[in-house]
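In this document, chain identifiers A, B, C and D correspond to the written order of the chains, with residue numbering beginning at 1 in each.
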Amino acid sequence: MPFPADLINGYRRYAGERLPEERGRLAQLAKLGQAPRAMVIGCCDSRAAPETVFSTRPGELFVVRNVANIVPPYAPDDAHHSTSAAIEFAVRELMVPDIVVLGHSLCGGIAAYLKGRQLEEIRGDFIGPWIDLLSGSQSEAEATDKDLADADMQRAVEEVVVRRSLKNLTTFPFVREKVEAGEVTLHGAHFGIATGELRILDPETGRFEAVAPAEDA
Amino acid sequence: MPFPADLINGYRRYAGERLPEERGRLAQLAKLGQAPRAMVIGCCDSRAAPETVFSTRPGELFVVRNVANIVPPYAPDDAHHSTSAAIEFAVRELMVPDIVVLGHSLCGGIAAYLKGRQLEEIRGDFIGPWIDLLSGSQSEAEATDKDLADADMQRAVEEVVVRRSLKNLTTFPFVREKVEAGEVTLHGAHFGIATGELRILDPETGRFEAVAPAEDA
Amino acid sequence: MPFPADLINGYRRYAGERLPEERGRLAQLAKLGQAPRAMVIGCCDSRAAPETVFSTRPGELFVVRNVANIVPPYAPDDAHHSTSAAIEFAVRELMVPDIVVLGHSLCGGIAAYLKGRQLEEIRGDFIGPWIDLLSGSQSEAEATDKDLADADMQRAVEEVVVRRSLKNLTTFPFVREKVEAGEVTLHGAHFGIATGELRILDPETGRFEAVAPAEDA
Amino acid sequence: MPFPADLINGYRRYAGERLPEERGRLAQLAKLGQAPRAMVIGCCDSRAAPETVFSTRPGELFVVRNVANIVPPYAPDDAHHSTSAAIEFAVRELMVPDIVVLGHSLCGGIAAYLKGRQLEEIRGDFIGPWIDLLSGSQSEAEATDKDLADADMQRAVEEVVVRRSLKNLTTFPFVREKVEAGEVTLHGAHFGIATGELRILDPETGRFEAVAPAEDA
């Protein structure tokens, strides 16, 4: 089966339209190496690409993406930890000054968790164990608000998951040390797919606040 | 510490320039859900964002990114497998018809593997075990060409890793079944950061061939 | 004589207010090295600092500043060429993808040139020969507009000097090659001190146009 | 190729956030002209902007920047001396009372000199001759300390270069006269990129001492 024609055309469009503007920057980044200004831990969802939401250019964001933008708790062992390895690479090798956990609305992984899919054929081989990392986040959401409608619950859990991932990041010794030294800062955000609204986690209030339009800045 | 001002401004640029063009598409994707036309397994590298290379819009690519675009072999257990869970979600829940493993030049993870970083302090807690998934890829590269210069070796191993990830994908029963049923097709590609060149793995020859420019490109 | 107290206090303000936010980025840039996204050739004038005008952070702009933001013509010899060496370092060593010549209003060097200071004691040992690089720019300005008032003449020559510096940049073989290869792009801009207005040289029209406010973008 | 979007947005940030606070000061400086309280001779390095390190506002610092913050010896001739012209302009025209030579860590120009880049293709057309101004500074550093590790040597030479630039300043008659008349004071400083530490040259001891934090800092 040949390579998808639409992707080839998409590359040609990139090569014809965007690459000319970035040829020099890419050559520079190839010679000098990357020094990304931030790491983003996002979801695989096709509607929430970090580079799109933040209008970034090559070299700016080191991005790990998994189902439901989850950061597992620190658990070093012989297993192959994809997300934890990426975090360690970003913090120790690339010394990123900022880490952003980017959640988003309508997250399929979180929806699956909320639907409590316990049937083996649905949990599958890996989705179930992965989603188990979300255990308890529903009650965490209910703790703050008892009477949540379904849509509100989904949104509330999405926010809980961002807070949890940030909390789990601090369980990594090499992250915590740099956070305490002021060399790494942790941030949370939530992207609303239906409207394109970005809301940022306010460390003071612990709430997600919409980004004010430029003129209000 | 406040949310990075440059990322906020990047979002404002997105909201002012690109969002207006995609508002309708996003609203549609929010209501009907995503049905990505392909899954891309790429690297976290800040210089190789799949959405950029393929000029895709929201809803098109379901993207998992880890260090060195690795697909581990099928190994179901109680552990939390980030990449495997994403693959299962893409294939079983989203039924993507195509899966693209996108490698790239100057991969830091592969460079670390080639430098044979065995010292604990460099292997860290997670980078070492993760990179162990690359074990043997150097000799695999040498098998096809004995006299590789360093730069060539890096490139050769990058190609081996793409082939390996594709091979490992077929160790997942739910992937193999659909591949055999013609419902899923696997593809390999390699992005050259210095030049922006995309090379596609030819299943016939097993070699990576540069994408021919469009007639009018 | 002790170090100026106001500068020490300024540093303490930096150390107390801005450094905390930049600590991580600086540590990263120290380990990975700089890869500035642009070179700016500006004037020494105390009222036209490039980092201020473009709100840039550490690592973004490689800046050479001399009297009247002049780029001399390519003239390799045994002499010590400060500006030419900086340009070569930026283009060959740091591979900056963009070079911006930033002129500004009320330029003292250009005013000196226009006042035709021929008396030795005013030309001094170095100002005179340096300003001689501006020779002919007045008639160049008059060529496009015969009846310029003094203020207009100053402004017109400031613009001519930016155009000239851009033209001289292309006399450097290592710049011209990269410009032709699309790896380096040259840009001109003019900062108005009295109003803080930035005007950008439009390569099409050859005229300087004010930057439109965000909402018009 | 259009003007870089990120720089345009950076200017808009300046225009929206900082300009309003400085509009009055800029209008004043435009009418009355600049009277900078000091000249800074710094490096082009993107990580060591004088205005940032000293938290200065428009009108305060007259800044010349070249590779490795070098002041060449006084050598009046017909050549175009960028740095010397800036010094003469600052001292004779603007009568700055203080001149600060600001060195910094990890200086690429000094690293190039220490690597003894003699090959023509690396010396290039201008970098080599410019760096030749550093000749002998390594042995000068070794004279004070025989057993310097590489990192220490880089730091030691950076300090030697600051002392040399200060010494060369006194070879300019118009500088020496004013220094002797107590109308101009020369100062040396060194900025540490990794930590943001500023160290000031103590004229008594000839050593660089860290700036003590403000009591309340």
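One rule holds in what follows: a residue touches a chain if its C-beta (ideal position, glycine included) is under 8 Å from a C-beta of that chain, and two chains touch if they have at least 3 such contacts.
The structure presented is a predicted model; accordingly, all values stated were derived computationally and were not measured.
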Common touching chains of chain C and chain B: A, D
C-D or B-D, whichever has more C-beta pairs in contact: C-D
Equivalent-chain rotation between chain D and chain A, CA atoms, steps of 5 degrees: 110
Interface residue overlap between copies chain A and chain B, same or different (over half shared): same
Distance from chain D to chain A - Cα centre to Cα centre, in angstrom: 41
Distance between chain centroids, defined by C-alpha means - chain C, chain D (Å): 16
Centroid distance [mean C-alpha coordinates] between chain D and chain B, Å: 45
Shared interface positions of chain D, touching two or more other chains: 1, 6, 9, 12-13, 16-17
Residue numbers on chain D that touch chain C, as the complex places them: 1, 3-4, 6-19, 22-23, 26-27, 29-31, 33-34, 36-39, 44-49, 51-56, 58-67, 70, 72, 74, 76-90, 92-94, 98, 100, 105-106, 108-109, 112, 124-127, 129-133, 174, 185, 187, 189, 193-196, 198, 200, 203, 211, 213-214, 217
Residues of chain D that touch chain A when the two form their complex: 1-2, 6, 12, 16-17
For the chain A and chain C complex, residues of the former touching the latter: 20, 22-25, 27-29, 31-35, 37, 59, 94-98, 178, 181-185, 214-215
Interfacial residue positions of chain B with respect to chain D in the complex: 5-6, 9, 13
Residue ranges of chain A touching chain D (in the complex, touch as defined): 20-21, 57, 214-215, 217
